[in-house]
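Here's the structure, in structure tokens; my notes come after.
Every chain is named by a letter (A, B, C, D, E and F) in the order it is written, and numbering of its residues begins at 1.
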Amino acid sequence: MSMLHTVNKSPFERNTLVSCLGHATAGSAILLIEDGVYGALEGTAHSDLLRGALADHSVYVLGPDLNARGMTDDQVIEGVSVVDYGGFVDLTEKHEKVQAWL
Amino acid sequence: MSMLHTVNKSPFERNTLVSCLGHATAGSAILLIEDGVYGALEGTAHSDLLRGALADHSVYVLGPDLNARGMTDDQVIEGVSVVDYGGFVDLTEKHEKVQAWL
Amino acid sequence: MSEPWEEEGPGTVKKFMYVNRKAPYGTIYALESLEVVLIAAAFEQDVSMAFLDDGVYQLKKGQDTKGIGQKNFSPTYRALEGYDVEKLYVEAESLAERGLSEDDLLVPVEVMSREALAELMNEQEVILSF
Amino acid sequence: MSEPWEEEGPGTVKKFMYVNRKAPYGTIYALESLEVVLIAAAFEQDVSMAFLDDGVYQLKKGQDTKGIGQKNFSPTYRALEGYDVEKLYVEAESLAERGLSEDDLLVPVEVMSREALAELMNEQEVILSF
Amino acid sequence: MKYGILVNEGPYQHQASDTAYQFAKAVLDKGHELYRVFFYHDGVNNGTRFAVPPQDDRKIAELWSQMAEAHGTDLVVCIAAAQRRGLLDEGEAKRQGKDGNNIAPGFRISGLGQLIEAGIQCDRLVVFGD
Amino acid sequence: MKYGILVNEGPYQHQASDTAYQFAKAVLDKGHELYRVFFYHDGVNNGTRFAVPPQDDRKIAELWSQMAEAHGTDLVVCIAAAQRRGLLDEGEAKRQGKDGNNIAPGFRISGLGQLIEAGIQCDRLVVFGD
């Protein structure tokens, strides 16, 4: 069974992204939402963290949250897919369960 | 002028203790309250962080918060002083201003 | 002996996991999560609780909340067994980082590695986090 | 030219610093902090705003909130000058960690080192954090 | 597919209820069934009809109420969490001897069992919080 | 010495208002003057008289009300934050066309200027939040 993990906090502020990545089994998907989208950006002190996760996980970022924060799709780490709320729903449909890392 | 810094979050969960220590100038005081008290404990992965701060700062921890969480005074890093709410007030009196690291 | 609801076939009994990652008292999540688990017990589901990150602090022995004016709800963890909530999983790495061992905990639990806990999470059908 | 309140002696004009450490939109602190600053301007105090840690994201250019259903309040930072709030300090280390530079910010600011900002905080009389 | 949603935070302070609302809308737009939205912890504060947000801001409680009106969405506020935080309907106000109530149209107050039931009945339960 | 206190979070969800209350009590016990407690952000929810916490839990709004009654403590709820979150007094309810109000005794609703004024007038302003 495959899992979708959501992370909604900045990796600069909290340990949730690190904790999520430490517990996400290979093949599970990760979606960054709200302040979690900062974790998807290229060129930050935490970019390597997420880049490393791309080997074992499909990683997504919520576009509306990205744009709200003044970031565009081309600032996202290569290999991370941008989705909208409909895409978020599709991801929850595709994966049997969702774990929110709050 | 000397400053009292308060930190109310666990160093395992958030970056506030690190940020506080990065900005507290020599001679300022640091008081750990609420979930911040975990940062004052001996034998954790973050103990060295606070131990290092003792050279330049007086560090205090709120006893009632410590006890609520099942910790006793003797589990606190050597050099950290335990205070009660009255002691908290005294610290704010002694230092000209208070900065809460929220 | 199997209980009647276990024979009602798939869909009736689901694997519920309550994930506890937050320290007690600083926020209400630990207490209100426990309130959910107590109610959930009546629904005869396959319930487990996971304690990781600062959530392991919820189970620390010797909590004394008189000084902060809040109620000490930690004895409730001991009452869980009476509600047939018996699967309490605690992450070994989270304990170690905090200098805690199984002896520091107020209830019997199963300590397991991060890897094993991750696998267990993967087997759940409903994961509730607060 | 000195303003009349500056001659009323000590105690009348205090150094107020508003410390912004949180990202916008995920929580309301950035917006409601700005609302305090706008009101504070009428009190003719010595006001400054510090942006550090995720607070630097508040000043990121190009915010477009249509997709999340919230109001884009970032233009308000540009209005601060009209309220005589002109001291906006941004921490260089916080920008660098986030791969940002002064060009990414929507208002003119003074970028300074963590050390210099720490000294500046030390000189304040009232520090408000949200 | 049948969806349940859990909202752990109040409106405005955290983005959780905004995201939950946008997600709920997308669930409905895609033709899925939205079985229930359960409001727990400070999430109960989404259900107040007393809020008067600024003209140019979104009206979160009203948005939920409109969803309930348009789609028959079941918006359930946890009774225990609501009692702690002061959200009342007419029946609760009477029982508790309070002189008024503040629940918004389309919301109802009920027990935590409604959350567990959503977990059992729904294909997916999605949690939004801090 | 003259103290001001700022409370940024609502009751129960975060410990902030508990700590602020204990601190305020200690300020009074030591014979200092408590000039004002200002409730901002979700802090406004401390001022509801509709809350009915469990029998064995502390009654946070009542504790504040009792402090105001016993010591004349000025408990000020920010009007803008209160409007967003649904805390009303009689005058506000009338102005906004709402059919009731929920403010607890001893609290009053006023503007953010009251916070700035506390910063100017007090020797110390202490902030409690998340």
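Keep in mind that, in the parts below, contacts are C-beta pairs under 8 Å (C-beta built on N, C-alpha and C of every residue); 3 or more make two chains touch, one makes a residue touch a chain.
Because the structure is predicted, anything quoted here is derived from the model rather than measured.
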Item to check | Any chain that touches chain F and chain E | outcome: C, D
Item to check | Chains contacting each of chain A and chain C, listed by label | outcome: B, E
Next on the checklist: Applying the contact rule given earlier, which two chains have the most C-beta pairs between them?
Outcome noted: E-F
Item to check | Distance-maximising chain from chain A - centres being C-alpha averages | outcome: F
Next on the checklist: From the centre of chain D, which other chain's Cα mean sits the farthest off?
Outcome noted: C
Item to check | Chain centre separation (chain A, chain D; CA means) in Å | outcome: 29
Checklist entry - Quick one: chain C and chain D, Cα centre-to-centre, how many Å? => result 42
Item to check | Geometric centre distance via CA averages, chain E-chain C, whole Å | outcome: 25
Checklist entry - By residue number and range, which residues of chain C touch two or more other chains? => result 25-28, 53, 68, 70, 126-127, 129-130
Next on the checklist: Multi-chain contacts only, two chains or more: what residues does chain F have there?
Outcome noted: 8, 12-13, 15, 19, 22, 41, 57, 80, 125, 127, 129
Item to check | Multi-chain contact residues (two or more partners), chain A | outcome: 8, 12-13, 15, 34-35, 64-65, 84, 97-98, 100, 102
Checklist entry - For this entry, which pairs of chains touch? => result A-B, A-C, A-D, A-E, B-C, B-D, B-F, C-E, C-F, D-E, D-F, E-F
Next on the checklist: Taking the touch rule as given, give the residues of chain B at its contact with chain D in the complex, in rising order.
Outcome noted: 1, 3, 15, 19, 22-25, 28, 96-102
Next on the checklist: Quick check: in the complex, which residue numbers of chain C touch chain F?
Outcome noted: 25-28, 68-71
Item to check | Residues of chain E defined as touching chain F within the complex | outcome: 10-13, 41-42, 45, 48-54, 57, 61, 80, 83-88, 93, 96, 98-102
Item to check | chain D partner contacts - residues on chain A that touch it in the complex | outcome: 8-10, 12-13, 34-35, 38, 41-45, 47, 63-65, 67-72, 84
Checklist entry - Contact residues on chain C for chain A in the complex? => result 19, 21, 52-53, 114, 117-119, 121-127, 129-130
